[in-house]
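One structure is given here, and the rest of the page talks about it.
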């Protein structure tokens, strides 16, 4: 299958050995973002992948593009413009110390300043079997909001299923009043097939109330599915809800080596299962297994192939594979 | 508040990735010591801090001073003299393998050879709200013993509370007979307000016997408090004992990423609480939380700020803080 | 004691921080192999050790030899010839993700192409108190098979006890038919005193059937002992079986820092105990403790000395040894 | 002496071993800026130093402040506010390949958004013997321009000599028309005692023409001195021009290990010599020597002490100092 | 333009900081080969590039493919098969110490064992504007020889110009008699348009004698051009010879940071110039400049873009580009 | 040949990338000393080597011994006792910045505290063809002086040639008066065959005066040869003086990658040539070439084999050896 994503690329800077920034003179560099992470996972599962995004027109932008290609993401739809890339520091936690994310300027990034033209979106969508949109784009800048909505609208028109990740981050929305937030989601959701989120997202962003906000959301926007994960400090469980049914994965213990991007691994698993028309149960188990394993690898992007995930699901992985 | 400490600065050399010295060609360098570790913690809690110590008058001494300033410790009271800095290798253990500390020569260090003058002590003490003395200094050399006692005596005279850490290390006392040890502590303790130690310290060093040696110690030396931690292989619990009462913290599981200096984090927490006139219960919980978290950060010195400790105490820290 | 081993030396390449090969631009290099690993362990226990093997006649071979000497293995019996060294990548797992071993070409290594002459074997064996042979050599090439058998035969003739590790790896035997495998083992086993393996090895390689294949093996080949370990995902237990009795160690939890070579640590422990005529129970406890601790150190080779193992067996190791 | 500087702090990210960004997964982090670099040099020469600047109010800002203290720069006058720190990547060149600097967003940094109050400036200036202002601040934002001018004006009023570095960067001035540039410099220069720059700076920024623009500048703004360096690809020479005389240093070969910040080392040397009322010739030789040596050390900040500079000036430095 | 290359991918392992293998426990990994290096250069010059080769069907092969994509090389024509990748250690020299290359097994690599089918070659060639063949392939194995010849023949038939690099390595040809070598080259050269080599290549491999072997070669095989470089210990000069003329570049000093792959940079420059129908003089200057600069970057592959090369050719590159 | 050396083992700590100690959080560890360095060189030239020395009886001592074995030095004559190893920091210079050595405590090292018994010396000397003694041992402690003299005396008695390196370091001799220094050398020199030093050593230590102090020394102590090197900032030249003749090597340019231990490489070359009864001219050329090349390798110990040295002497080393 051929899957595209619209989303931001950020640089992640990680001190070594669980150190704090103030304790280190070196950091590990990687390139990340919701779209990057899940396309990386989908590439591991055997799909062709392509990212619609923008990178700065300098050495850093070139390095980022190289890193995406290394992850098997096609970079030919990227725009190179402006001079800035959003970046964040990750001070990885060691349980019970939490990981700490520190963002530097994000709103002046190439991504945030770039509106992709209707024509370019159309050309990019043309060969795709599915498209994923990261909800953060809706509230960064006018440019990203309008691009995200245009991607959704054009995809829906072309009958390409839209997978949308709520990724509702109050901290990114501070200047926007509630009615604007709600209105924006209401422009997006009618184009979507599958949504990733939580009950809290629906109440906080759409102002939904009542016993079954997920059910309301499914019905109101005629979604095929609403998916997400339920996490405690030590466990994770995935769910997929459709108009007809709800399936829930086994609850798995989650290790805590590198915690960022595990939700994106879940998305990749769901997209993979749905496009292959796997059963919902198989899909939610596979996606949850992918998400659990994503806690055990360095970096935000999913890097384990299908064999690893299947072996973990089988419950009899050896300690050493030769 | 403005807090000073008298104690040694050592260099710590740590092989990477849990390797042994014999397995590595590179080591991590850091600068440590009881006083360094707890002042670093107190600086994170918002206090001004200053160290009374001596460093070699060479490039290594300058590097050490730079490292202390990086930890927010004022270095203007340091003496630069002689050529040696005590150092130790830390081969970090991986449970159930213990960590292994290997000391090289310590007794010829700048610290061990330097007697601080009465005048210099007086000038240093003048703006301080509290002073901490590491008990190891009592048995390294004549110079450190007399300096430690002079600091205690002058501080007491000036009504600056003295926090004293027993840190009784039989291995450092081999050439000293028991009566000398006892006599030395008996010179120190009358000047102290708060003492950190254990029952074993009191029996081994002061020769105390009976049911309640801590009570005896409190009464004999008219201490405000006697504090310490009770550790098992997997848990830790702090206590503060006063003439009137005993408070005990919750028992917490202790992770084992980097085990050195966690007692110093406890001291920092106690000093912070007492100077702010927090309740004893709040103080012991805060100090114990700081000590537990100190197991999760690289290096001996406390590097987490008050927000981290409070969040851990609240019991609902997220896996990732953004 | 003076102990020799015949076996391959391989280079191990390990990405840092649990990364995959595709995520890293640097790897850690070490030199490994069954013989290397157990001789390293025996050297830590105070024995003289010597390896019979072959290394490439180039800078890589010299580097490998230097690494063996660093581990206290005598390298004077090594042959330097040809240009290749077998190597493998180890992507260390993070539970529940398995470790992944990727071998590159092994069959053209100096080891696989070198037949050691009878005279050289004789000279090498002369001062030895025991010899260990890695079973993998039986199925790599004609050269290694005939050398392994010659070592065994000459040692037996000279009354030097032969410790043999089955190390049966179906993946290395793919081109060989079952009767050849069986016949080869039947040439080896009559020379052996102690064998390391499992029931599965005996059924798969020798085609043994029935209730008590280990007993059969002991009787048929007049072995002094048959030893091995029983592992679950989280625990390990050692056993030693003789004609008269079976002893089993305590079951221990196994940590998962670096999982390769832990069986070789067990062998080293058994050889050490048997040569010192320790009781079987003491021997199996010591060997199992060595194997458990080998999970906590970087690299395949055993690097902890007797004091570490004894302290772990005592059950009251401190968190930090000073 | 006690010297202050007003200027930006940036983070520098440097790939290892002369690699490009696209070739590396790790970078070295350091904290830099004109003011940082020269205060670091002045601290090495024995002066007290303090920086007036702003850092983000997060983990990155704290790490930056720690790094400044490590360089012996007093950080008590820093403002912690906003969330961004300007940063740049340095791909170090290897002759004849040039070094490549890639800036990411700079204008939203804490520094660029922070206006320091008149009162805070006054308090900061009070104990100072000299102040340095980086000309880049004049054209970043309104906030930095007004702060720079206020510092200059107040210092002049208080008879504290102002050292001003033109640092004219056309690339930072793109949106400003020539008359605004000229007018801004004309507001600054009357307050200055010593200016660092070049003929080209004067013609490009002040629109000066004629044979002797430096002489014009000296006279027009009643400067004590106008200083700078003349560089070719392989050599460097410093000059100091006063109303009465011009002195020129020996011409020195310049090595090319790390080329950024060498002009700041020259400034530090000039300030040091002038405050100590050294002869102009001694001052220019010392400053040029400091600048030459700054090419041989890692990072932008000057880190060599007076003994190193003097020894280099003597012309008979040994290959190894013991 | 769209350019393809047929050639081997190898792994290069480089100790850090000019160390020898025996001095290091870590190495830098990169992926290299004549085709890789020059396609990387051509991608920097703005071309589309694609490699025809084979990689092992395991984690190492996947990592190698990722590294190629990072260099902007299309990997869709790669075969994944077998288990081995050729590799070599590079101990970088520090003048006057030479660099030392140590090859491990190469002949069992996926590349050496893989014959690409006629159909696959045809499909791969179809969109190409030029193709490059590395002469080493002619003498590795039957599979690589026949594939190389088939690529050349099909390309010539399709009027796609063939650029052929002699890369004559006596050490790789030891088992082949001279007449076989000659015959093989004689099968290749008629298909070629441009050949890279030296006089020595022609005399040693084709047995040519006389004053003007390059002229003979041009005439005999009706080449468009014969190109190469003339190197001394400290300088380099490129030449292009056609039937009509000879052009020679300026002689340039060569720095010695990383010496491997610089000939491949020259090839990339020649191909770029010829496809763009630049003058021969411009072409040879550009190609030589690219080769000189390739000595200043880490790794074998060309990583500098056209702007860097042009600036170097202009002779007035700044020390620092901002 | 079988060559022994008596001398100290020190740990060297080297910041990466030409950084200062104050700029780094990691250092490279290596083990060094005059005896270590030259035995390493002699091992590269094919000799058996053994060191008489003492190491601390702890993890650091074990690591040091492993490092020596890696360099092919036999460690069976080492004493393990006490707890300290001398160490020094090397901040490598970048021309024209000098390298800076900072010693920490050296006099309490295992070496300085250990007197080797007469019997142990005898047993160690027995199989040796030559012995080397480092002159620094004469002035460290009573224990090292008496051991050095005993080694010399016993070797002379047994007709084993003694190679003695003056290594006169005024800084190590500060507490000793001139007459004691002179008397000590006068006890040593009668046992020596070949001495390494300079005219300055003879005037400063033995108080010799006049035109030809080397000639005086040769005659007075009946030496076979007096050898040394003459260095300028950029060149090096070796000499060997005997009673009959003086030979001088070509003058070579010296690169400046790592400058420590190059004199020891010269010693190794001289010993090699003399034991093989090479001509004096061949010997001095070989030794000087070895010393020049030692400037190009990391660490103090000689690590290049005879082929490297011969190739350099030939004057036509390629840039890359394959």
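Chains: A, B, C, D, E and F, in written order; residue numbering restarts at 1 for each.
Operating definition for what follows: contacts are C-beta pairs under 8 Å (C-beta built on N, C-alpha and C of every residue); 3 or more make two chains touch, one makes a residue touch a chain.
In UniProt terms, the chains line up like this: A, B, C, D, E, F = PfkB carbohydrate kinase family protein.
Small disclaimer: the values here were computed from a predicted structure and weren't measured.
Residues touching across the subunit B and subunit D pair largely coincide in numbering: over half of the numbers involved belong to both copies. Comparing contact pairs by residue number, the interface of A-C is reproduced by A-B among A-D, A-B or A-F, since over half of the pairs coincide.
Centre-to-centre, using mean CA coordinates, subunit E is 45 Å away from subunit F. A straight line joining the Cα centres of subunit B and subunit E is 62 Å long. Work out the mean CA point of subunit A and of subunit E, and you get 40 Å between them.
Shown for subunit D are the residues that touch two or more other chains, namely 17, 20, 22-25, 28, 66, 70, 100, 103. In the complex of the two chains, the subunit D residues touching subunit A come out as 13, 20-22, 24-30, 56, 58-60, 62-63, 66, 83-85, 87, 89, 91, 100, 102-105, 107-109.
Residues 66-67, 69-72 of subunit E touch subunit A in their complex.
Taken in their complex, subunit F has these residues touching subunit A: 23-25.
For subunit A in complex with subunit C, the touching residues are 16-17, 28, 70, 253, 255, 257, 292-293, 296-299, 303-304, 308, 311-312, 317-322.
Residues 17-20, 22-23, 93-101, 103, 169, 171, 231, 233, 256, 259-260 of subunit E touch subunit F in their complex.
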